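Heads up, the next two complexes both have subunit A, just with different partners, subunit B and then subunit C.
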Partner chain A sequence: MKLTVVNVTENGVMVVAIEGRVDSSTAPKFRRVLGGVADAGTRGLVLDLENLRFISSASLGVLLEVTKAQARRGGMLAVCSVPDALRKILEISGFDQIIPVHDSQAEALAACSR
Partner chain B sequence: MVVKPPYKILVVDDEPDLEPLMLQRMRRNIRRGQYNFVFARNGVQALDRLHQEDDIDMVVSDINMPEMDGLTLLQQIPKVDPNIRSIIVSAYGDMENIRTAMNRGAFDFVTKPIDFRDLRVTIDRTLQHLMEWREALASRDQLVALQNELTVASKMQQSILPTHFPDHPGYQLFANMEPARSVGGDFFDVVTLENERIGMTVADVSDKGVPAALFMMSTRTLIKGAAIGSAGPGDVLREVNNLLFEDNETEMFVTVLYAEYNPANGEFVYASGGHDPPLLVRPDGSSTSLPLTGGIALGLLPDLNYRQNSVILEPGETIVLYTDGVSEAMTSDEEQFGLERLRDAVAADPGEDAAAANEAVFEAVSDFVGDNPPSDDITCLTFRRTVSG
Partner chain C sequence: MALTRTLTIETRLDELNRLAEAVENLGEEDNWSPGLVGKVNLVLEELAINTINHGHDGGLHEIAFTFSSTEDALTIEMVDDGKPFDPLTDAPIPDVNAPMHERPIGGLGVFLVRKLMDELSYRREEGRNHLTLVAYRAE
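On to the complex of A and B.
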């Protein structure tokens, strides 16, 4: 798993690309990093999942945790460029009703900047 | 310390007739040296016994009793010994008391009038859990390797799965779960409802290890409790979601497909909490995934509503409930098993019964993945309306 900050916009929205596999061995790091970014008071957090090959369900729980933490602080989390297989998982689990899903980074940025 | 049988069970009930009845109905288990019963007539007497005898393994208690009722007793038991497990006996459909009992740490419940076969299964399951629990405690004192914790968790997981399925002329039901080596969180359950209706659950908890196994156990018990006397699957999921959310400090969640079948009219009603929809397989081998009902996985957000959907099963039609361990089982080339192979396995031999069809799924998955070890638990429940049903 690799997390890269690919962009921080002028109005404080951070774009993080997640690559590779988020499984039980990388989940603690995933939790630490994402939690840290959210705790830093980032107003908007966009996760680009284009090159995410696998995410375990426990780590999806981390995404939800951060989404809720962001909402409590008046911030936002959105994901974009979600691979089809993962998109289906988000749909079946109902998580797409909690985490905003966008087709592109630009769309997600626009939503988080509103 | 892992105690060997006979297990000492304290039965608490103000009804004097229960004592001879229990001894009579459980005589085989007593003779085989599995159970050893002692009795008390109310909560106060029960506590006295628990204080005097430190070898009581579990308590089976009525709720309404003079002097001290069963719900108060439940609160007191952990103060005597936190490792005693309790089963509560409640009036049929008395959700309020069942819920209170579960919140106060009851492991399970049975309803009145007591079905002794059901009680025996419930007692065995509770004892099984107790053994795993004691093993977990014993190994915690040593330096517990993660693998060890996972072994304990997987034993706890196995201990809640039903091993007997209803025998009914109108339908056949069979289910199985094959745990993955390291990741685990699947379970299934079957609950008998009023008017010969039957409820069935297939679920997948998001995490692994002992906390996940405990989460799994409360999910199973809450579904069982909510199913009795509920207005339907949507209602059951709404209630269980709220109860799980209340106690959920982590972001653990569980995806659940809960369904009820009525043999009187062939109606199959289901609701999904973030789980894959049921697969309907017809006798001619064609199949369709039933529509998603759009519910969110349970335990994450409060006050959600869960829609339910219903279909009428024709004689010979089969419903398959599964977890993603089946549909996403993978070869070493990352090719997935998928729903078409699932359908083909179930429909391969329409002359076979549901148990054989269910078994065929596990064989097909195993053949498909070859020597690629499964990365997730595999659970499959096959339900068939019989041709004469």
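On to the complex of A and C.
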């Protein structure tokens, strides 16, 4: 699993690309790194999942935790460029109703800037 | 295209990588679609982590997987000597339509297993959980 900050906009939206596998063994690191990014005061956090190959319920739990933390401080979390198989997992688990899912980074940034 | 393979892992977290690698290799050898590889990967990780975290009161145990594939479907039997656990009846069904603040962290693993597999059956036999999972090749 690899997290890379790929963009920080002038109005405080950060885009983080996640690659590889986020499974039960890497979920603690995912929580630590993503939680750290969110705690740094990022108003909007966009996760680009284009190169994410695997997500399990452990990582969904982290996404929900960070989404709740962002909401508490008036921020938001969105995902973009989600591969079809992962999108299906988000739909089955109802996470697509909790976390905005965008087709591209540009679309996500536009939505976060509104 | 008929194929049978077995894999045994120990109830340690670092065995999950070996399980995932085995699934990837088997998928390649047996010509699974990327969707099927992804589903099987997810489902076996969820079930194995459940057994590793909650199946026993300590000690190192084994989880055995048998993969049998035909032209139409993949059947996986998972056997462990953990506490009795029937994923069909023993796990609460999460409310996936609840608003964010009412959603608990966790509780989705077994639900995903039930949703992603085409058939599931469970039996307890001679002190062991036997879970049979079937995934059709056609999506």
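Note that the second predicted complex is superposed on the first by the 114 of 114 C-alpha atoms of A that agree within 3 Å, B and C clash if a C-alpha of one lies under 4 Å from a C-alpha of the other, contacts with A are read in each partner's own complex, and residues count from 1 in each chain.
Operating definition for what follows: contacts are C-beta pairs under 8 Å (C-beta built on N, C-alpha and C of every residue); 3 or more make two chains touch, one makes a residue touch a chain.
Everything numeric in this text was worked out from a predicted model, so none of it was measured.
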First (subunit B), second (subunit C), both or neither touched by A:106: neither
Touching partner for A:24 - first (subunit B), second (subunit C), both, neither: both
Touching partner for A:92 - first (subunit B), second (subunit C), both, neither: both
Which superposed partner A:8 touches (first subunit B, second subunit C, both, neither): neither
Partner with the higher number of touched subunit A residues, subunit C or subunit B: C
Which superposed partner A:61 touches (first subunit B, second subunit C, both, neither): both
Residues of subunit A at both interfaces, subunit B in one complex, subunit C in the other: 24, 56-58, 60-61, 64-65, 89, 92-94, 97-98
List of subunit C residues in touch with subunit A within their complex: 13-14, 16-17, 20, 34-35, 38-39, 41-42, 45-46, 49, 94, 96-101, 103, 105-106, 108-109, 111-112, 115-116
Contacting residues of subunit B [partner subunit A, same complex]: 182-183, 185, 204, 206-208, 250-253, 255, 272-277, 292, 294-297, 300-301, 324
Subunit A residues within the subunit C interface of the complex: 21, 23-25, 54-58, 60-61, 64-65, 67-68, 71, 85, 89, 92-94, 97-98
Residue ranges of subunit A in contact with subunit B within the complex: 24, 56-58, 60-62, 64-65, 89, 91-95, 97-98
